[in-house]
Every structure is written in C-alpha cells, then in structure tokens.
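Next, two complexes with chain A in common: one pairs it with chain B, the other with chain C.
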Partner chain A sequence: MKMEITERPDGLVAIALDGRLDTPGVESIEPQLTAQTVPRGARALVDLNSVEFVGSLAIRMFITLARALAKKQGALVLHSPQPLVRELFETVSLERIIPVHPDAAAAAAAAVATRPA
Partner chain B sequence: MDQPGSRLFAVQFSGTLPAFDAAFAQLRRALGEARIANTPRFKIELAFEEVVANIVRHAAPPDGGVADIRVVLDERDGALVLTFDDNGAPFDPRARPDPTPPRSLDEARIGGLGIMMVRRTTTMDYVRTTDGHNRLIVTIESASDFESASPNARASD
Partner chain C sequence: MPRGDDIVDSAAPPALAGGGRTVLATHATFAEALLEQAQGTRSYVVVMHDYEPEGRHVVGAEPLTVGRDPARHIVLADAQVSRLHLQIAAVGGDLVVEDLGSSNGTFANDGLRLSAPLVLPPGSGVRVGSRLLVHERCTARDAELARELEKASAYVRALLPARVPSGPIRVDWYFRPSLRLGGDAFGYFPIDDANVAFYLIDVSGHGVSAAMHSVSVVNLLRPKALSADLRDPAAVLDALNEAFPMDAHDGMYFTIWYGVYSAAQRELTYSSAGHHASRLCAQAAASVALGGPSPMIGAIPGFRYESQRCEVPAAAILYLFSDGVFETTGRDGQQLGLAEFLPLLGAAGAGQTGEAERIYRAVRGRSRPGPLEDDFSLLAVSFD
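Take a look at the complex of A and B:
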C-alpha cells in the first residue's frame, strides 16, 4: 500500500492512496496517516482513485480518523472511489457520516466549507 | 465439505495473521489465473478478508490455541461458492444483527460491519458439523460476470 501526503496551497492536506485497503494495507498506513493529520487538525482529502479493494478495517480506520479530526476542528473528505468501493461505502451507509465526492475539486470545496470560523 | 463442481482454489492454514496474509495472497493469485471478473472477484476477496479475519481474531478453539482454517472455492452451476471450515468456537454469522445505520460520527458503531458487508453482497449458509466445526458457505451468483476460466488454472485440492 502506497501513500503520498502533500500540502496544498489552500491549506488542505491531500492524501493519495494506491493499492489495497485490506488488513495488511490498513496496518501499513494507519499510524503514519494518523500522525500526519490528527495532531494538527488537518482538513484532509483522501484520493481513493487507485484503491482497488477496501475491507471493514479500512471503514473503521476512516471513521476513527474522521472522529479524531473533528475533535481538532479538522475534517476528512474522501473522493474518487472506484465503483465497487463506492458501492461498498453505500452498503454500510458511510456517506451519512463521512463525505464522499466523485472528484478532487468537489472534495476540496467540501473540505474548505468545514473551515472553522 | 467437498461437493461436485470445478475446484478453483483450496488452502488450509492456522488462524494467525501472517498465515492469513499468505493465504489471501494465494487466493488472489488463483483468482487472477482463473480470470474471475472484477465484481465477483471483489466479493470473493471481501468474503475471504472478513470471514477469515473474524475467525483469526475471535474464534479460538474451546481447548485454546489458534483455529485451523480451510477454505475452498468452487464453481458450481454458474455460481462461485466459497466454503470456510474452522474448528473455533461456534459462530453463526447470519445470527448477528446488522449494525444500525449511523446518523452521526459519534454514533457510528465499528463492530459488525465486515459480516454485514458480506451478508449484503453474497448468500450465506451455515452449519455446525458433527465433528464440531463451523462451516460457512458463501455463494456468489455470478454466471453473467464469469469470464472464461482457464482449465489449467484450476488448483488441485
């Protein structure tokens, strides 16, 4: 599982994931993902375009991360999931609690809208 | 647990995370060699991930230690059938209620999502065998999604 984290000029943190979010995939990225976003309350955009598989451990990771970011006035926004991944998100109603957008631009707009007053 | 049909994959391993990871890698190779189409492949991998992870984490045998797990994948009457057999504590995943759909982040429950995802994407049957094993049969109706399988890609048992 590959992960690339970059700072955007608008203050958002872009996180590109590439690979499989199965048990070893989640275990390989979760500590770094948490460490680089939660302490500073990042508004994080996670690009799922190159993620071909997600399991329940990945859903748990996203929920845990979103909760932790919300407590720090940050936010988690997911975008560009592949069709089967998006269907799985719908199966567990993930979009009720974590925004999932079709592309990066829509995700960025949603993340900016969460900016604290 | 063997029934008529084309055997695509079979593996037996101990219920530890390293053995789970190795078995999952073998399954993925077999699915690639058998040229299973994307949608049924995703469902097979999801079922394997969630069911085996659940056994590894929660199904220690009554006498202690780790569970012994056997998984086979057959093509039967146009469907793909995954059979999970383990000697862990009795557990019928069909009896577990689905988590309530969350209305907020704070309210969201994490437990039970994996089994719910498998239940909603496949058909599940369960029996407790006479020799004290859990046997979970997961069927993926996928005739229209099946690409032509390579005969020499079928794994022997």
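Take a look at the complex of A and C:
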C-alpha cells in the first residue's frame, strides 16, 4: 500500500492512496495517516482512484479518522472511488457519515466548505 | 477442523514402532517457554489440509518421522501416505525433508517428486497426499498465539447451528474462516410456532477481537435475550444499534441481514444494516435482491432501520452470505465482485444438501490459489 501526503496551497491536505485497503493495507498506513492529519485538525482529501479494494477495516479507519478530525475542527472527504468501491460505500450508506465525491475538485470544494468560521 | 489438542510438542520421540503406543510430550512448562523465548525462534512443521492448519509440531534435536502409522511423530490419516513416509530434521535454521521410500511420493513446491533430501527454508513446504507440510519458523509465543487463533476459530464453528436436511424449510450452510479469523457468524431459530428467523453478521476486521464481537452479538440474537420483538426486523436492528455503538466497542462495527419467515403467509420480512442484499431465487427466474443501502450497526447512534416484505414463491431458495464469498482475487489477479458471484446461485443442484459447499468450491476454483482473504459464510434456506 502506497500513500503520498501533500500540503496544497489552499491549506487542504491531499492524501493519495495506491493499492489494496485490506487488513495489511490498513495496518501499513493507519498510524502515519492519523499522525499526519489528526493532531493539526487537517481538512483531508483522500484520493481513492488507485485503490482497487476497500475492506471493512478500511471503512472503520475512515470513520474513526473522520470523527477524530471533526473533533479538531478538521474534516475528511473521500473522492474518486472505483466502481466496486463505490458500490460498497453505497451498500453501507457511508455518505451519511463521510462525504464521498466523484472527483478531486468537488471534494476540495466540500472540504473548504467545512472551514471553521 | 483445527483442534487445540492437535498441537503437540513432538520434540520427544514417540514410543518405538511396534510398541503400540504414541507418547505425546507434555507442552512446555512456563519456565521452558521462557527459556525458548530467550533462545529465540524454533522451527515448526504446520500440517495444512485444504488451506487450514491441522496441527503444529515443533522440530527438536531428533528428526520427526511422518506417516500413516500411529507410531510416527506426525500421523497423517491419508490413504496416499505410506506407513513410514518421510522424515524431517532441523539443520541450522532450515529443515531437511527426506522421503523414506514412500509409495506415492513427496512433492516440492514446483511439483517435482523428491529423489534426494530437500532443504526447506522457512515459509516453504512439501506436499504429501492431500496434506501440505509447511516450515514455520517462529517463537514459542507466536506458535502459542497461532494455536489460540485456531482454537478461537473452532469455538466460532461450535456456535454455528446444525444443518436442516429435510422438512418444509431446509437449511444448508458452508463456513470457512480465513487464516486470520474474521468476524462472520450466522444462525436461525424459531421465534414462535409461526415464525422463523435467519441472520448473518459480519464484524469489521479480523482476529480474535472481531470473533469475540460476533460471538457477543450471536448470544444476544436469541429469544428473550434482546429487548426487541424478534418478529420485527427493524426493531431488532434498532436494538442492536443501541447495544453496540462503535465508539464503545473499540471502533468495531458490524453488518447484518436479518429476516423472519412466516409460513402461514409465505412471507419474508427483513431488514439489513450495511449488509449487501440477500438473494431469493425462485424456479426459472433470476434472483431478487432483498435489502438496500443502510448504515452498519454501531455507526450512527439513533438510526432507525426499516423493514421490507416479500412473498416467498414455491420452491424458492434464500441465500444469505458475507462479502468474503464474492470479494476474492481472481486467478489472473483481478478483483472479483458480486457480478461474478451471483450466477452461481440457483444453478444446477440448487436446494440440495451440499449446495453451499459446491458454491464454495466454485468460488475457490475461480480465485487465486491459497486461502481466501476473508471468512466465507453462506447460508442457503430452501422452502417447499
């Protein structure tokens, strides 16, 4: 599982994931992902374009991360899921908990909208 | 099925052949375990059958003999295995396997029959009959943890209900836990004289914690255990959602499909929480999806689930299954999904005993070799 974290000029944190978010995949990125976003209350965009599989542990990681970020006035927004991943998100109604957008631009707009007043 | 008592310390030699007695050495004492820990790792032979561990044997100073004869250190009940088939010795950090003139041979990973002693580095194995003997190098503590995982797996299996091969409602199922042990469980029970409940749950993640969570849910899904009318699926899910909030359970959630069949009305009432739809197959018709999008149990406090109803046609079959049934990796590495799995339902032999296992074999056949990545749980309920 590869993860690239970059700070965008607009202050959002872009996280590009590449690989399978199965149990080993989640275990390989979760500590770093949490450490780099939660303490500073980041508004994080997670790009799922190169993620072919998302397991239950990954959903749990995203929900836990979204709640931790919300407590710090941050936000988590997912975008660009592949068809099978999008199907899973719909089955579990993930959008009731975490915003999911079809592309990076829409995700960025949603994350900016969460900016604390 | 893995059993704790299969795991024996074979370092001590068994009684000599002909003595009619096999000595299973007692497990290491606490002090011995500490000593082993201080000395580092040891080599184990793990006997795998159909991708499941059957036994774990430590290789000590003396070579281990393997064969069908009960006097061997590792006894394999397999007609393809000779009475004295091979021996395994520890040499440095490796194992060396030598076929002792067996009738049917010992085969290396590349499929070649052994004609000379073979060095087995950790992680590699040899095939003997239907068994795979794998060299695992780990600490005594890791071996003990593996053993505990196997025992937990056996416990989850012990909780699963008996199959029902005859009668107006027949139930067949197949369950195969992943090597890491997932959090699947399922069951069915009569609520009263008129109604029968069926359910399948899948706890997020793997390992003993997920299995413990699923066991606690199963123990609540019994008459008089849950403060909800078990005939009302939405009320059952609401009650579970209140009982198992993620935040109070180390972030764990679970998905569930729960249905109640009323025989008099031939009606199924059901609800699901984050679980993909179950499928109802009637003769000569494509399967119907039962269930729609909804959040997992524990994810949204106070969420209200809804029940739906459908008529159950004559000779219909209801399939409940976990995502491990269809989320597999194909032989050429591509991700397989529901679309590839659904055609297996309602096919030839549907509704007959053993159908669930046949579906498992079909999924295995199209997936890459090796154990499946997640628990495989499939419940097939056939109605008259």
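Throughout what follows, the second predicted complex is superposed on the first by the 117 of 117 C-alpha atoms of A that agree within 3 Å, B and C clash if a C-alpha of one lies under 4 Å from a C-alpha of the other, contacts with A are read in each partner's own complex, and residues count from 1 in each chain.
Note that contacts are C-beta pairs under 8 Å (C-beta built on N, C-alpha and C of every residue); 3 or more make two chains touch, one makes a residue touch a chain.
Given the structure is predicted, the values throughout are model-derived calculations rather than measurements.
For the composite obtained by overlaying on chain A, chain B and chain C cannot both be accommodated without a clash. When the shared chain is aligned, no partner comes close enough to touch A:A106: not chain B, not chain C. Using the contact criterion defined above for the overlaid structures, shared-chain residue A:R96 touches chain B and also reaches chain C. Once chain A of one complex is fitted onto chain A of the other, the partner contacts of A:M3 are absent, as it touches neither chain B nor chain C. Legend: residue contacts after superposition of the two complexes on their common chain; A:A70 is shown touching chain B, with no touch to chain C.
In the superposition on chain A, contact is made by A:I59 with both chain B and chain C.
Shared interface residues of chain A, touching chain B in one complex and chain C in the other, are 22-23, 53, 55-57, 59-60, 63-64, 67, 84, 88, 91-93, 96-97. If you check the complex, the residues on chain B that touch chain A are 17, 20-21, 24, 38-39, 42, 45-46, 49-50, 53, 101-106, 108, 110, 113-114, 116-117, 120-121. Chain A meets chain B in the complex at residues 22-24, 53, 55-57, 59-60, 63-64, 66-67, 70, 84, 88, 91-93, 96-98. Residues of chain A that touch chain C in their complex: 22-23, 52-53, 55-57, 59-60, 63-64, 67, 84, 87-88, 90-93, 96-97.
Residue ranges on chain C touching chain A, taken from their complex, read 180, 202-206, 246-247, 251-253, 255, 274-276, 293-296, 299-300, 323, 327, 335, 337-338, 373-374.
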